[in-house]
Amino acid sequence: MHMKKTTHALAAMAAFAFLVAGCASGPTVAELDALTDRIVKASFRTQGIANVERVTATDETNRACSEADASGLRLDEKTAKAIEEANFKSIQWPSDGKFVGDWKQGEVIAQNGRGLTWTDDAKMANGGNCYNCHQIDQKEISYGTIGPSLYNFGKLRGVTDVNSPEAKAMLEYTWGKVWNAKAYNACSNMPRAGHMGILTEAQVRHVVGLLLDPQSPVNQ
Amino acid sequence: MADPMRIRAQAAGDKTTVRVLMSHEMETGQRKDAAGKTVPAWHIQEVTATHNGKQVLSAEWGTAVSKNPFMQFVLKGAKAGDKIAVTWKDNKGETRTDEATVT
Amino acid sequence: MQSRRQTLQRSAAIAALLASAGFPQFAQAAFNKNAFDAKSVQDAVKAAGGVGLIESKDVTLTAPDIAENGAVVPIGISTALPGVKQLLLLVEKNPLALVAIFQSSEALENNFLTRAKMGQTSDVYAVAILADGKALWAKKEVKVTLGGCGG
Amino acid sequence: MNTFAKRAGLLSLAVFSAMPVMAQKTASQGIDEYRAMLADGNPAELFEAKGEDLWKKLRGPKNASLEKCDLGKGPGVVKGAFVELPRFFADTQRVQDLESRLVTCMEGLQGFDGAEIAKTPFGQGEQNNVTALATWIASESKGQRFNLSQNHQQEKTFYEVGKRLFYQRGGTHDFSCASCHGEQGKRIRLQDLPMLSKSPGDGVGFAAWPAYRVSNGQMWGMQLRLNDCYRQQRFPYPGFGSDATIALSTFLGVNAKGAISVAPALKR
């Protein structure tokens, strides 16, 4: 198994060495991209529920954003817009029209950072990983700072009654953002919780509740 | 056989600070394995130390001492060149003794 | 399960054995199973021979305010009080409260450090038991945080 | 701060005795204090001692020691080797990191089956010995500055591939290495995240592993560090010593140029 892999990788290197033999300036960007793909294929394997396709068959959004990140250049506006539109189209809106769930369950989901690694069980409920990157309820002092603070999320956006017509736009935005963050910012660092099957529809509803319910500690 | 300890004994004035690291799992007996079976407690119970052969320390430890335990104690009146030996014994009866020289 | 009487008998036997082995003046303690099996701080101190718990500024507990990980929490006890027999470190909210007992000895300062596992945020106790059984304590709350990605 | 927030703040001050902002400051100061208390007496020392012993011991089917192992500075030279790895090795025609190089030596000098060791899960059998050896070898370069070579074409190529891997988004969460380590001054929960796309400074990131993890009481080499990063990224499993892990290490190691190594360190 390992021998085969080593051979494969070595073959890739040998092919590469041949490629650059007559080329003093080193490999081109395209050659390096192709070599990276070969190395990824030779290096990663499926383990538990983490299939190798998670890295060999990523979607256009990840492909374009990875390339932009590595080059140090921002995605051009046209591509960014196309990515956002495609992701927006894929958002599944609440099947029963209910956007806001139980903030208490939302807090548990926000605290939970588990699920979908190769050591996790497919049957267990996944966490939302929210506190890893965001401040949410001020009582929790162990929060990350990769994303902005979400404390007072609903309050700052003027949501006083989730059933009022004025709140509708904010309910939709919050749902959409949690479901598929790339619909609003093409190369956002935020996972696409609904789109990628990290959270279920019911879980997304509870997280939206945590953020928008005026009773939630987030909005106190 | 258990891996050796690391013992550092440093004299400063009339006091010698002894720091000991031990290699031990210190299994609590509260943890369950992948199959849901409780992993039995396995921990150091007794720690003793001698200074030039004379016993100076006696301690008892429960399961709550951390894995790969650390201990520090302060000896009165030892000097550079003196021998400090530390012995631990766990609840399975396994034991290990290591020695260090005061610097 | 061992009865208390059996434990006492065994301790006595081991003490006699050690005495004959040439450490007659050293307070050698066999593993005090009752104390380490006790769930609460009070019961553990009692099993170690402490008769009355009294808060004291003369006992110093060294512990961090916050632990990045509950698996390794540095804790220590020290005191300059005379007549101390045993020094105990305990974590109130652990399933079994007692972490360690150090026997006081003329050759040592009453100053010991070790590291403990803590399942959750809890008060940590340092208890010095005197010859007359008085148990003088100091305590401090140590916050245990959830670290890393939680996965 | 709006009036409500002010009022809420005062209220919580009255009721809970600590304002959130204060709690925040205390938390990071408290963690610094906690780390300082643990600095003296790093259990990594236990693994260092074991590694040194393993280097000198006659082992394996050939009953030989590793004392003739070439870690890049000539057979048997240990001091300073760690801060120059990964590098290109002419005998294997590969860029290798410390751990994959150790396996090459264990195979060549001692007669162990390298593929078998690479397949062994971390924390078991000969993998434990590789980790202990890496811990000792790293400790022999403590205080030295990272200085990876970029002279050989394959070293340059591996840096470029490593850079692409660093920014590669994938898995169920779209995470790349850069999601957490691409910006300065960020943290996950309370853990500070080093920015690894350039030098994060002395004794941080690449210059801190192997390290003893207090959370699980395990000694981790760079291979396991990267492996667990990929696990938490929800990626599939990177093979031990695979080109992806070595290319990524090359990128991190070259970026760390000039940073002082503190390995083996103590980590959460």
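Lettered A, B, C and D in written order, each chain numbered from 1.
The definition used in the following text is that contacts are C-beta pairs under 8 Å (C-beta built on N, C-alpha and C of every residue); 3 or more make two chains touch, one makes a residue touch a chain.
As the structure is a computational prediction, the values presented were derived from the model and not from experiment.
> Could you compare the number of C-beta pairs in contact for A-D with that for B-D and name the larger?
Pair with more contacting C-beta pairs, A-D versus B-D: A-D.
> Would you kindly say which chain has the C-alpha centre located farthest from the C-alpha centre of subunit B?
When every chain centre is compared against subunit B, the largest gap points to A.
> Can you work out the whole-Å distance between the CA centroids of subunit A and subunit D?
25
> Round to the nearest whole Å and give the separation of the Cα centres of subunit B and subunit D.
Computed value for the inter-centroid distance: 29 Å.
> Using CA atom averages as chain centres, what separation in Å is found between subunit B and subunit C?
One centre to the other, that is 16 Å.
> How big is the gap, in whole Å, between where the Cα atoms of subunit C centre and where those of subunit D centre?
Each chain reduced to its C-alpha mean, subunit C and subunit D end up 37 Å apart.
> Mind pulling the subunit A residues that touch 2 or more other chains?
117, 129, 131-132, 141-142
> Which parts of subunit B, given as residue numbers and ranges, touch two or more other chains?
Residues 26, 66-67, 70, 72 of subunit B touch two or more partner chains.
> At least two partner chains per residue is the criterion; list those residues in subunit C.
Where subunit C meets two or more other chains at a single residue, that happens at 71-74, 115, 145-151.
> Going by the contact rule set out above, which residues of subunit D touch subunit B in the complex?
Subunit D residues touching subunit B: 40-41, 43, 45-46, 49-50, 212, 214, 217.
> Touching residues of subunit C toward subunit D in the complex: what are they?
62, 64-69, 71-74, 115, 143, 145-151
> List the residues on subunit D that touch subunit A in their complex, please.
The touching residues are 4-5, 8, 12, 20, 23-24, 27, 93-94, 114-115, 118-119, 153-154, 156-157, 160-161, 163-176, 178-180, 182-183, 185-190, 193, 231-232, 234-240, 242-245, 247.
> Taking the complex as given, what residues does subunit D use to touch subunit C?
Per the stated touch rule, the residues are 26-27, 30-31, 33-35, 37-38, 188-191, 214-217, 231-232, 268.
> State the interface residues of subunit B toward subunit D in the complex, per the touch definition above.
Touching subunit D from subunit B are residues 3-6, 19, 21-23, 25-26, 66-68, 70, 72.
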